[in-house]
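Note that chain A is present in both complexes that follow, paired respectively with chain B and with chain C.
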Partner chain A sequence: MLADAFEALKKFDWGTDLGVLTPIEEAVIAAHTDAGVSQDLENRLNAALKGDLSRDAHGYVCRKLAIIGTAASVPTLAGQLGGKEQSHMARYALERIDAPEAGAALRDALTTASGSQKIGVIGSLGSRRDPAAVAPLSKLLHADDPAIARSAALALGAIGTAESAAALQAALPSANGDRQYVIDALLSCAEALLASDKQGEATAIYKSLSGEQQPRLVRLAATRGLLACARKQA
Partner chain B sequence: MALRVSRLGFGSACLFALAFLSAATLKADAQTDEFVQMIVKLIGDRDKEFRAAGLEQVRTAARGPALTQLFAAQLTKLDADGQIALLSALADRGDHAARAAVLDLLGSSHDENVRAGAIRVLGRLGESQDLPLLIKSLSAGSQVEQAAARRSLIEIPGETVNQALAADLLSESSSAKGALLDVLATRRASGQAPAFLAAIVDDNARVRRSAMAALGQIGRPEQIAPMLAGVLKARKGYERDAAEKNVALVCERIENPDQRGAALIEALNTVDAAHRDELLSLLGRVGGKKLIDFVAAIATGPDGARRQLGIDALSKWPDASVADTLLEIITKASDPAERGQAFRGYVKVSANRDGRSDKERLDRLKQAMKAAKTPEETTLVINRVRTAYDIDSVRFVLPYVDQPQFAQIACETIVEIAHHREVRDPNKAEMDKALDKVIATSKDAVVVERANRYKRGETWQRPGREAR
Partner chain C sequence: MSQKKRSTRRDFLKTATAGAGAAFGVPYVVTSAALGNSSRPAASDRIVMGGIGIGNMGRGDQWGYLNRKDVQYVAMCDVRDEVRQRSKATIDEHYGNHDCKAYNDFRELLARPDIDAVHIATPDHWHAIITIEACRNGKDVFCQKPETLTLREGPLMIAAARRYGRVVSGGSQRVLEDYRKLVEPVWAGEYGKIKSINVNVGPLPKLCNLPAEKPAEKIDWDMWLGPAPWGPYNSKRCSGSYSINGASWRSFSDYSGGGMTDWGAHHFGGATFICDVRDLQPEEVIYHDGKEGRYLEYRYPNGLVLTHNRPHHQNMQVEGTSGEKLPPKPVPTYQGGDNIGADFIHCVKTREKPFRDIELAVNTAVVSHLGNIAYLLKRSLKWDAVRQEFPGDAEANRLIDRARREPWQL
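Entry: the complex of A and B
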């Protein structure tokens, strides 16, 4: 049955009846409680991923790997990060695979991917809130491509650690043209720090943004943040 | 030796713990102080959004009466907009410690909006000793202050508030009786009936109307009899009608219709006989089988003046249960005026949309048509047939389109019935034919336009509906 479904997957495309893939869906459910089923299914999905799949079928496989994937799937997915059509769904899976190898693969891709694929990889590292990505992302804050610099700042904001905040603070004076995205990222960092009870670090960020030289809305956001910090400490 | 060392160790530990706790407390105090200072600074900010950030903390954080007083003390340092905003935040904070500062501001401000804001806060933070001030504000000061006082008196909590308001109402000097009555009614102060009942016979019509309206909302069946004095005191016309309706509302609180009628008759018997007839139309508003015989006896009795009052009462009946009685009067009355009055009443109750079917309504109106003697009476019946949403009503009225003196009213009635899609759609062919006749006959452009729209399956909006 499962083999038939994977055969059907080879011809699967938009508009095909999803019913033919039901055995795969059932295997995904069974994989939660049966390690053997999980490993077999992951092997099959990886094998399928290496074959010639339609874009819809590729997306289907990646969605399943996002649920049951392990470090074993990372090499296959990582190999697709540079592909124009495959990169997005490969990242979708890698963002969700709870294995350090997935983070490492994404970090490695920072040096190999380019253009919008690179921006996507940066975003995925932010989504994973990967502290190990702070250093490589910090370097990208000064990238010539403003879209890359902006994505790196937002990813650092999403990671939300004291280290990412320090990198953003350091980049603020020299940020190209529009500095707003660095400020947005810093505010995200401060929120994350406050949520993890690091009021001191959060307060320092908010104070740095509450000066009269800052735009009104930034000062307002910083003031609200300072109040939230003070309230938590009081 | 070992014990001594142990004791020394314990003492040191205690001292260390004490020092640690003191340091922690001091740090916490400093942090609280910083937080409070930040709020105070923001309250005074001229930028509304920064100020709002501070006021949000006043509403929800930094609790305690001392801090409430500190925040309230900022009132005098702010401009009018800031004062109003802080007053609202203090009200939401709900700490009575702000009351004194609010009263001070109320006494010193010359800005009516600030004073209104302070009055509104007293509704949340005030005490019974603030009632005289709030009552005074109901009639003194600007309209915004009066409105604020009204809201505050409605909201101010306390078991004795209703009694205090009622006591003021009963005092001769009260200058805001009407507003106080509205407040008591909104507070559902049903325990203060004596004050309401005293006010229904007040010389001031506004006070009487408010008192009757209040009793209409919260009155109990045992207050029906004393309310009749209010009906008699009310001026004929709008005030009398409203007073009667308020008594009818209280009557409706008696679930059993027969008991409702009995209670009203009992109440009537408490009224001086000379005034009883004046209350007959009230019986019509209440309705019920028990009252039909009572009123019918008067409407067919020997006294001409009382007969008129009885017929008037029957004509006001809320349903068609008196239709046969009125029909009998139509057929037997020797006085043309009396007959005409009964005829109009019969048509009125027959056309009532009181839960009967459209067929039943139409049958009653067909009987009325048989009894009609003048063109005016025929016109009246054709007009009211529009209350029976049925294709048979169209069939009944259609022949009158050919009679010039009734053509226009018949055309209007047909388009009114055609307005109802549930009549129009299942009988499209027949209805279109009738509408064609209307289009060919009517001289009224609106009627013709409506007929054309209904033929096309379109709707029509009654003029003025958008404005409502």
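Entry: the complex of A and C
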């Protein structure tokens, strides 16, 4: 039954009845409680990924790997991060795989992917809140492409560490992407630091954004932040 | 507005300055009309609004705001050519001019410094990105329900709203308007302590695998998809009809949570309002799959049990404590009028939190999302509302979010 479903997957495309893949759906459920089933299923999914699948079928396989994929799937998925039609769904799986290899693959792709695919990789590193990505993302704050610089800022804000904040602070004076995104990311870092009881670091960020040269929206946000720091200290 | 009322608003701002944040000498509450850059005209008593996503619900919301004398509706955005044209024509006819600007890209609308507030009625997969971007640009937001597509989105929307001091209202007029007749006696204490309430809603979302069609309309398909996985145009894939049975985006997991979120926003929202747990999230979801069929029990920190599709139970069936009567509590309601749009506009002016403040709306959406995940994994879940994760449950934690299609990110 499962073999039949994987055979059907080779011809699967938009418009095909999803029912032909039911055995795979059932195997995903069984995989939750049976390591042997999980490994077998993952092997089959990886083998399918290496074949000539339609874009739809490729996306389906990646959706399943998002649920059951492990480090074993990373090499195959990593090889697809640069492809225009495959990159997103490869990330769909990689972003959810809780293995250091997945993070490493995404970080490596920062130097190989380009354009929109690179922005996608940056976004996934931010979603994973990968502290090891702070250093390479910091460099991208100065990218020639403002869209990449903006994306890097948002990702650093999502990661929200003191190191992220330091990189954003350093980049702010010469921000290539829109300044509002760098500032927004800094505010996000400050909130994360405050939530981690690092009032001193959060306060410093808020104070740095309180100056008259900042837009009123930012100054008010910084003021709210300072109030929050004061309340937490009290 | 009269000069007397204009002075009253300035007095309010002065009072707000004195009353809060005195150590920093800035107002705690400031209307968005007073914020903005130097190119904006002086503060007006009209709220300048725009709309993003003008389909079935968006058109209705637009009509409501358009017909308010205290709103100046200046712009709208939709990725469908015909919708933009029709909407602009409606607005221009209303004002007797050609001033309404129509956009395909919401970012251009949100970048306008003259716009104070926006209403959002795109498909669900766009709600978080647009709401957060709106807050970043200093706009107040009315976002249709269900406000989120994933569990990760809610806290980020709340954070953006609080960070920039924005009024952000979720949708669902039904939470108050449909269930008031049950809310009132429960809040009056007539049922005693509520032990349980049942919600019947569905179906679950499903994967969309519709075949490609030649577009029947001029639509920016890439923008319609936005952060969702790429799929070919199909009229049912992008239809905004109210169907949750395969004939609209509401049915499909890439864009929505199916009936669990679409009608769940109303029913779970109503149930949590009735039981006065709007500010809480469940801490456990118990999955039942036995002789009586599949259903869920959501357990709240205060002991309340909210069930989903419990066999032999009607929708909104409440179990109180027989013989007990509790002290009555005042029932929260809309301000500024008898509808959710009026409530939003009132709060834009006064900077109060709306009836469906985004935090309350997100709490409702969490119920829907937890349910969808429990049914997908076919098992029970524990939920940590503070950390916003499933404690020690790596498998469930994978489903908290999903990768967004480039170039979109939160």
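To be clear about the criterion, the second predicted complex is superposed on the first by the 232 of 234 C-alpha atoms of A that agree within 3 Å, B and C clash if a C-alpha of one lies under 4 Å from a C-alpha of the other, contacts with A are read in each partner's own complex, and residues count from 1 in each chain.
By definition in this document, contacts are C-beta pairs under 8 Å (C-beta built on N, C-alpha and C of every residue); 3 or more make two chains touch, one makes a residue touch a chain.
None of the values given here were measured: they were computed from a predicted structure.
With both structures placed on the common chain, the touch criterion links A:Asp184 to chain C but leaves chain B unconnected. Once the two complexes are overlaid on the shared chain, A:Ile67 sits against chain C while remaining clear of chain B. After overlaying the two complexes on the shared chain, residue contacts for A:Ile29 are found with chain C alone; chain B is out of touch. For chain A, the partner with contacts to more residues, out of chain B and chain C, is C.
In the superposition on chain A, contact of A:Ser196 is made with neither chain B nor chain C. Within the superposed three-chain model, A:Asn43 lies out of touch with both chain B and chain C [touch as defined at top]. Of the two partner chains, chain C is the only one touched by A:Ser124; chain B is not.
Touch criterion met: A:Gly59 reaches chain C, while chain B stays clear of it. Once the two complexes are laid over each other on the shared chain, residue contacts for A:Ala234 go to chain B alone; chain C is not touched. The interface of chain A with chain B overlaps its interface with chain C at residues 216, 219-220, 223-224, 226-227, 230. On the chain C side of its complex with chain A, the touching residues are 21, 23-24, 26, 30, 35-37, 136-138, 152, 159, 162-165, 206-207, 209-212, 229-232, 377-379, 394-395, 397-399, 401-410. Within the complex formed with chain A, the chain B residues making contact are 28, 31-32, 34-36, 38-39, 42, 47, 49-50, 53-54, 56-57, 61-62. Considering their complex, residues 216, 219-220, 223-224, 226-227, 230-231, 233-234 of chain A touch chain B. On the chain A side of its complex with chain C, the touching residues are 14-18, 29, 32, 55-56, 59-60, 63, 66-67, 85, 87-89, 91-92, 94-96, 98, 116-117, 119-120, 122-124, 126-127, 147, 151, 154-155, 158, 180-181, 184, 187-188, 191, 215-217, 219-221, 223-227, 230.
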